[in-house]
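The structures considered in this document are given below.
Next come two complexes built around subunit A: one with subunit B, the other with subunit C.
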Partner chain A sequence: MATPLKRVRGLGAARHGTETFWRQRLTAVANVPLVIFLIWFVVSHAGASYEVVKASLANPVVSVLMLAMIWSAAIHMRIGLREIIEDYLHNKLCKVSSLMLATFFSAGLAIASTLAVLKISLGG
Partner chain B sequence: MVQFTLPKNSKIKKGKEWNPPAVDADPDRWREYRVYRYDPEGGENPRVDTYWVDMNDCGPMVLDALIWIKNKIDPTLTFRRSCREGVCGSCSMNIDGTNTLACTMHAEEAQGAAIAIYPLPHMPVVKDLVPDMTQFYAQHREIEPWLKTDSPTPQKEWRQSHEDREKLDGLYECILCACCSTACPSYWWNGDRYLGPAVLLQANRWVEDSRDERTGERLDDLEDPFRLYRCHTILNCTKACPKGLNPAAAIANLKRKMVERL
Partner chain C sequence: MTDKLEAERPLSPHLQIYRPMLTMLMSIAHRITGASLAVGFALLTWWLVAVSMGPEAYASVQSFFGSLIGRALLFAFTWALIHHMLGGIRHLIWDTGTGLDKVTIERFALGTIVGSVVLTILVWLAAYNVMGGL
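What follows is the complex of A and B.
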């Protein structure tokens, strides 16, 4: 029996969202050169031996760029996944659990990739 | 999960063919209209009825054809209309696959041989082509679309420079027909929380108004992952607007303002 205005107002404005919006734009811009770099790196090492690729990855500049790409892409992916889940999943339990899984997945991927790059660059 | 298919009682069935023209009738003279019909009191599923309109006896616009059908064939056909010149926004509906105003759409503009007419998408239907706009109007009310000031009211009027007045061009012309909002997938899936392009364009109209003194509060009330940020810049709104406005640009301006004050 709630009035239309009461329904529309709901719990009020969350007063946040702009930082996420900005972060999404920022990582999108960062991803352009970083992904181009990644593609260039993969293509230029096509057919190269394990040792050569490992040595290239251990280069500090390459390592820094790889780490930047991993985190920029992971943050961007986390925001994108959240948008998709919020758009299409309306069941509360399904939505909350999917949001948690999306966060765990993005974080897990980023942490594992970071560890791999660090291991190589620090001579592990 | 978002409901992509229609519920059982909303599935559209084949309807009645009202006045098929004679076999030897001039095909250029008769235009086929397929119109969505639904009466919630009848308890039956919606159907699509077919009418043939004598273009020699009818005005050129789609609204003329609907009025012709109502007057000459089927008086039970229900639709909203008022100004018949694109000012009131009453006759917004989905014609030939696009949300637009029946009064400003020329029948000849329709691509299909038969002109399909449905109510605005994803809105509850009151009857036939009449959608329930209650939520849409409540959302408009929610953004408080009036001048809000704290300074003492001037003796004459709130003054505005020509330059500041020009900033409202492309915003004040909105007639709230809801063609844009009901063309927006984000509004379809989350219309209960996302305000939609029409209402956000109106919100931007008041944020941009140099006379309004509550800009910050207005932005506070919009800053929400759903109210504003459910817009994914799909641009259906801008494509659909029968007044040639650009709600997507208005929303982008609101987001820009939000970032400016970070």
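What follows is the complex of A and C.
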């Protein structure tokens, strides 16, 4: 007979084991150099004109690093927000709707900023 | 059935039981800075979208970031980002199983606080230097 304990043992509650834990570490490692790049980019363009900023963002190396930063940070943020919500919100409706919002929020920002970088990069 | 079992379980001592300690405050700070970075991400998205939209949108985003509230928000964002990054590096070191003794965790905590403040000020000094002084 398969008891709930037996089904769960070694698999994790959602049968995904340590996938989320690992993904959070992977994006954390990626975020360190990518965020340092972002800070460097913003600082070196402090007070810069529209034309200069646009031309710099259109540089392929900058675009690639920016997109990598956006996606790594968005995935990291979504996992982090999820963890906080699951720890503090116990009312089912409140929890589930907050989890949905966290996903929509992360995806929305990632999609909007990706489109912006692509538009600048491809010369729109 | 599971609901009933959960209800009967004793609760473990929670936050309010313990005397606030530096390492505990750092753990809370890591969560708060992490959650606050969601606002920072929204600001970054707004900035990128403005650049993609054209000079007028860019000018309005720049005038907001140039205002007192904008600067305060960006300063807080910078600190939260660096604090969360240093705190994250600390967690990655812990993941290797090292630096978990009492003395080292206290040093990590102090290092994160001092490091984040110093680096935030340096970043802003660098930015003002690029803009040609205060």
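Everything that follows uses one rule, which is that the second predicted complex is superposed on the first by the 110 of 124 C-alpha atoms of A that agree within 3 Å, B and C clash if a C-alpha of one lies under 4 Å from a C-alpha of the other, contacts with A are read in each partner's own complex, and residues count from 1 in each chain.
By our rule, a residue touches a chain if its C-beta (ideal position, glycine included) is under 8 Å from a C-beta of that chain, and two chains touch if they have at least 3 such contacts.
On a predicted model such as this, the values are computed, not experimentally measured, just so you know.
In the superposed pair of complexes, A:S44 makes contact with subunit C only, with no contact to subunit B. Of the two partner chains placed around the shared chain by superposition, subunit C is the only one that A:S113 touches, whereas subunit B remains out of contact.
Look at A:T20: by the touch rule set out above, it reaches subunit B but stays clear of subunit C.
Taking subunit A as the reference, the larger set of touched residues comes from C, when subunit B and subunit C are compared. Once the two complexes are laid over each other on the shared chain, residue contacts for A:F105 go to subunit C alone; subunit B is not touched.
In the superposition on chain A, contact of A:E86 is made with subunit B only, not with subunit C. The touching residues of subunit C, when paired with subunit A in their complex, are 31, 34-35, 37-38, 41-42, 44-45, 48-49, 51-52, 54-55, 58-59, 78, 81-82, 85, 88-89, 91-92, 95, 123, 126-128, 130-132. Residue ranges on subunit A touching subunit B, taken from their complex, read 3-5, 7-10, 13-22, 83, 86-91, 94.
Residues 25, 28-29, 31-32, 35, 38-39, 42-47, 50, 53-54, 57, 66, 73-74, 77, 80-81, 84, 105, 109, 112-113, 115-117, 119-120, 124 of subunit A are the ones that touch subunit C when the two sit in their complex. Across the complex, subunit B meets subunit A through its residues 1-2, 134-135, 137-139, 141-142, 186, 189-190, 192-193, 220-230, 232, 255, 258-259, 262.
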